[in-house]
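Lettered A, B, C and D in written order, each chain numbered from 1.
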Amino acid sequence: MQKYILKIKCSDEKGLIYRVSDVIFKHRLNIETNNEFVDKENNRFFMRAELSGELNIGEFCGVLEAVLPSDAEISCLAKAKKDIIVLATKETHCLGDLLIKFDSGELNANIVAVVANHEILRSLVERFNIPFHVVSAEGMSREDHEDAVLEVMSQYKFDYAILAKYMRILTPKFVNAYPQKIINIHHSFLPAFIGANPYKQAYERGVKIIGATAHFVNDNLDEGPIITQDVIHVNHEMSWQDMQRAGRTCEKSVLSKALDLAFDDRLFINENKVIVF
Amino acid sequence: MQKYILKIKCSDEKGLIYRVSDVIFKHRLNIETNNEFVDKENNRFFMRAELSGELNIGEFCGVLEAVLPSDAEISCLAKAKKDIIVLATKETHCLGDLLIKFDSGELNANIVAVVANHEILRSLVERFNIPFHVVSAEGMSREDHEDAVLEVMSQYKFDYAILAKYMRILTPKFVNAYPQKIINIHHSFLPAFIGANPYKQAYERGVKIIGATAHFVNDNLDEGPIITQDVIHVNHEMSWQDMQRAGRTCEKSVLSKALDLAFDDRLFINENKVIVF
Amino acid sequence: MQKYILKIKCSDEKGLIYRVSDVIFKHRLNIETNNEFVDKENNRFFMRAELSGELNIGEFCGVLEAVLPSDAEISCLAKAKKDIIVLATKETHCLGDLLIKFDSGELNANIVAVVANHEILRSLVERFNIPFHVVSAEGMSREDHEDAVLEVMSQYKFDYAILAKYMRILTPKFVNAYPQKIINIHHSFLPAFIGANPYKQAYERGVKIIGATAHFVNDNLDEGPIITQDVIHVNHEMSWQDMQRAGRTCEKSVLSKALDLAFDDRLFINENKVIVF
Amino acid sequence: MQKYILKIKCSDEKGLIYRVSDVIFKHRLNIETNNEFVDKENNRFFMRAELSGELNIGEFCGVLEAVLPSDAEISCLAKAKKDIIVLATKETHCLGDLLIKFDSGELNANIVAVVANHEILRSLVERFNIPFHVVSAEGMSREDHEDAVLEVMSQYKFDYAILAKYMRILTPKFVNAYPQKIINIHHSFLPAFIGANPYKQAYERGVKIIGATAHFVNDNLDEGPIITQDVIHVNHEMSWQDMQRAGRTCEKSVLSKALDLAFDDRLFINENKVIVF
């Protein structure tokens, strides 16, 4: 039996679960797992179900559309690995983690290519037989550099673009080229320490925890919808470089968890928040 | 509008969510939140929904019963504070936490009485105008002592009996007097360090984490279904008494979380496991 | 044998540990535990030792002073419970936690009085036979209210003033009346969500972790040196009120841990940071 | 200036810190950081210091030996990367993490070789230009297989042998070939779930946390001195395979932390416990 993931987002009304489960039942599908959430503030209904059975997806979505509010966004996909492109700069911890998991089949995604603004990661990436592109930013305006990166990206089909410590500030143009498809790992527990060198900021403030945040990227730097966050404890003996080193484990695991959720279609963006099923 | 909590447990079949949501819809109830889980190993279906509207509970449950498998256990309750009885011995951290929360209205329960096997807690409990009973175990057989405790308990109506560091081993007779109603806090991350003085055991083994476990009590000591667990980090500088002191914060918060869940009707016992919605 | 806690803070130089341990050795004292830290950025040396033996503290400190740099701050105290005064407003979770621990002897401090700006906590505090003072802020300027609170505080001798959810902004005058002696619990992982209602801010930002921060209070609101911090995970189902409720456990345990450290003389303020031994 | 790490372990006596710091001072060394611990139960003194300056190590250790108790174990090493050999079976998460860190220079160690009992990891390891040896256990007695592995290991010089999910039970002979040099990652929070398939055991017990333990290996399986442990939360929706997948992140970070400590010479084995400075 095939497995499908159904995602629905629409205005809330009485009877939505009844109507959806009616359609599912009449298509003789099993509901393997099922999650709903109602955002009462904004009167929005969210639902994710894993279904098993035999299905004509187009017909099924059409029937659902007919019984749901007119603003309903319906997605139904056969369960499958996602395609992703990874952007990076020089650091290997997040990228390397993805490469190892991809290579062993543990990642629920195929890495179609890695794009970097430096050469340094080439040797590592190519060992895994993944196309590696360098688009150096040297001597280029931000806009020209981004255009060149977008040009490279446009050669690939992918579901998500992962910024695995891609140390470039993005313009709205870049972000809007792939709306809701770009996931970044930020090296602080946002909204603390927005901007450059969060570990140095953390060190200077004398905090006792540092963290990492995986988030969707939108127009406002470091203000995109947050997917996952975690922290580790630090102490007065640590320099900011020590914090940076210790923080890498946190960055790696926070990004990894966010990607597992994204690749499993467990995320809904709801305004500036993320619903995680 | 009144709020209700509906809990259903039955054999799994296709169409259960459809049938239940149909009944809910036809009773013009809103589904505020909704959780389902299917235990495939044992083919069991679990559902919890918070509903709002106007309801004749008896009629509603009757209609549900008619559409569900014959082994269905259905509970529908108007949302309300639980009544609890607390058993304790000498330590104040878990009991005190309950008293403070009860006193400020933060606890989703009324403490109807405290029963202890020592006098030492009387002064504390009575300050909160809660009946306090001592049943000393001195010079009594375990069975006689338990009978005396059960006799005191029988004077009260309660939904749960909370063992807030009640340092007595219970016989099956005692446990079976209140099946699925007794919740204990154990001072280790079970199944590690079953039995007496887990902190001493932990110290002697040289572990780097210690923990606490809140669980339903069944016939087998320290083997009841686990509700919540958590741990804290320890180090070589700590004596077992230091670990015990540090562990109290963990015991307190683990029990507190388990009780919040229990009092909100978020728990299902499924064989020797607990489903937490 | 008596136990002593020795704390030294001075400019760093070669041979400090040698000189101090020489003095300790010649006074026939045992070093039970010993911690040092050198802040290289600021060339500062910090040391804390627990000593046991028989000691004329004045003479001992005099000898140490003679062998240490001229800017040395030396403190040597016989191990003893601290005296504390607690300021609160309406919430019971942090205050109640202190009261329960104080009552059972677990707190390494005596609560000499509680001062609040509302009546609501009187009943709770007086049950523990602790003097309770209300200084209502109604109809008073901030300055006048603070003067009245300081007047009450001046009647007591205490080592620390604990702001156990005292929901008043403090003026520099107030803070400077008790330099390095005021400890506050802030309901966010600072520096995130400075200012009013951090839980609402956290909810609106859509974070996946919330936290609490215990810190010394200085002139700049929410910018004092941080002692302890911790976080808990939250999710999209939680309203800001749910986060507030869940956060209380975190506030309570973060404050509790900070106070254990303070009362054990384990803290050094180093500019805007805290060294925790 | 060269950096050195000094480690001392001996019976406790009054004046040890004084004597050691006297020797350090007279050798004109700076003490960068310094940690001591006294195990009062067993009357043992432990000290680790990072020193900087110019040093004749042999002469320095000789002078120290003369002033310390006769049972003193003194080690003084110039700070340098360790050499390690890695043993693995089929899983890539711990091994891959080491390879990525080694490749980027983040690991404080050189991987001199990887030895496995299956072929499957060859392609991954050889991409990093590290010698890879397979010693299949098929058709061999445990003793013969171990002898063959020891034979391969004997070709290399290494400070530590890391069992990065090496799924073989070791005999005392093997363990005693490299006393205090073998570090293992166990996939449970020991002492819970000793033995085979801890994730399945955890699933069946219905725990709400699972964990990992890095420990030195001694004669008794799963009972060696514990270096680091950590846990993650799990829930009723997870199969044991889900727990295993989730647990990998924990295994990886627990091992990584333990190795950072070991490679920095921060560990002392004290009977069946580990002192972590």
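Just so it is clear, contacts are C-beta pairs under 8 Å (C-beta built on N, C-alpha and C of every residue); 3 or more make two chains touch, one makes a residue touch a chain.
Remember, it's a predicted structure, so these values are computed and weren't measured experimentally.
J.: Both chain B and chain D are touched by which chains?
T.: Touches both chain B and chain D: A, C.
J.: Can you give me the shortest step count from chain A to chain C, moving only between touching chains?
T.: 1
J.: Which integer distance in Å separates the CA centroid of chain C from that of chain D?
T.: Taking the average C-alpha coordinate of chain C and of chain D, the gap between them is 37 Å.
J.: Please set out, as single numbers or ranges, the residues of chain B touching at least two other chains.
T.: Residue numbers touching two or more other chains: 33, 37, 237.
J.: Edges wherever two chains touch, nodes for the chains themselves; is that graph a line, a ring, a star, complete, or other here?
T.: Basically all the chains touch each other, so complete.
J.: Show which residues of chain C lie in contact with chain B when the two form their complex.
T.: Per the touch definition, chain C meets chain B at residues 33, 91-93, 96-97, 99-101, 103-104, 106, 124, 127-128, 237, 245, 248-249, 253, 256-257.
J.: Quick one: in the complex, what on chain A touches chain B?
T.: For chain A paired with chain B, touching residues are 14-15, 17-18, 21-22, 24-25, 28, 30-38.
J.: Provide the residue numbers of chain D that touch chain B in the complex, in ascending order.
T.: 37, 189-193, 205-209, 211, 225-231, 235-237, 270, 272-276
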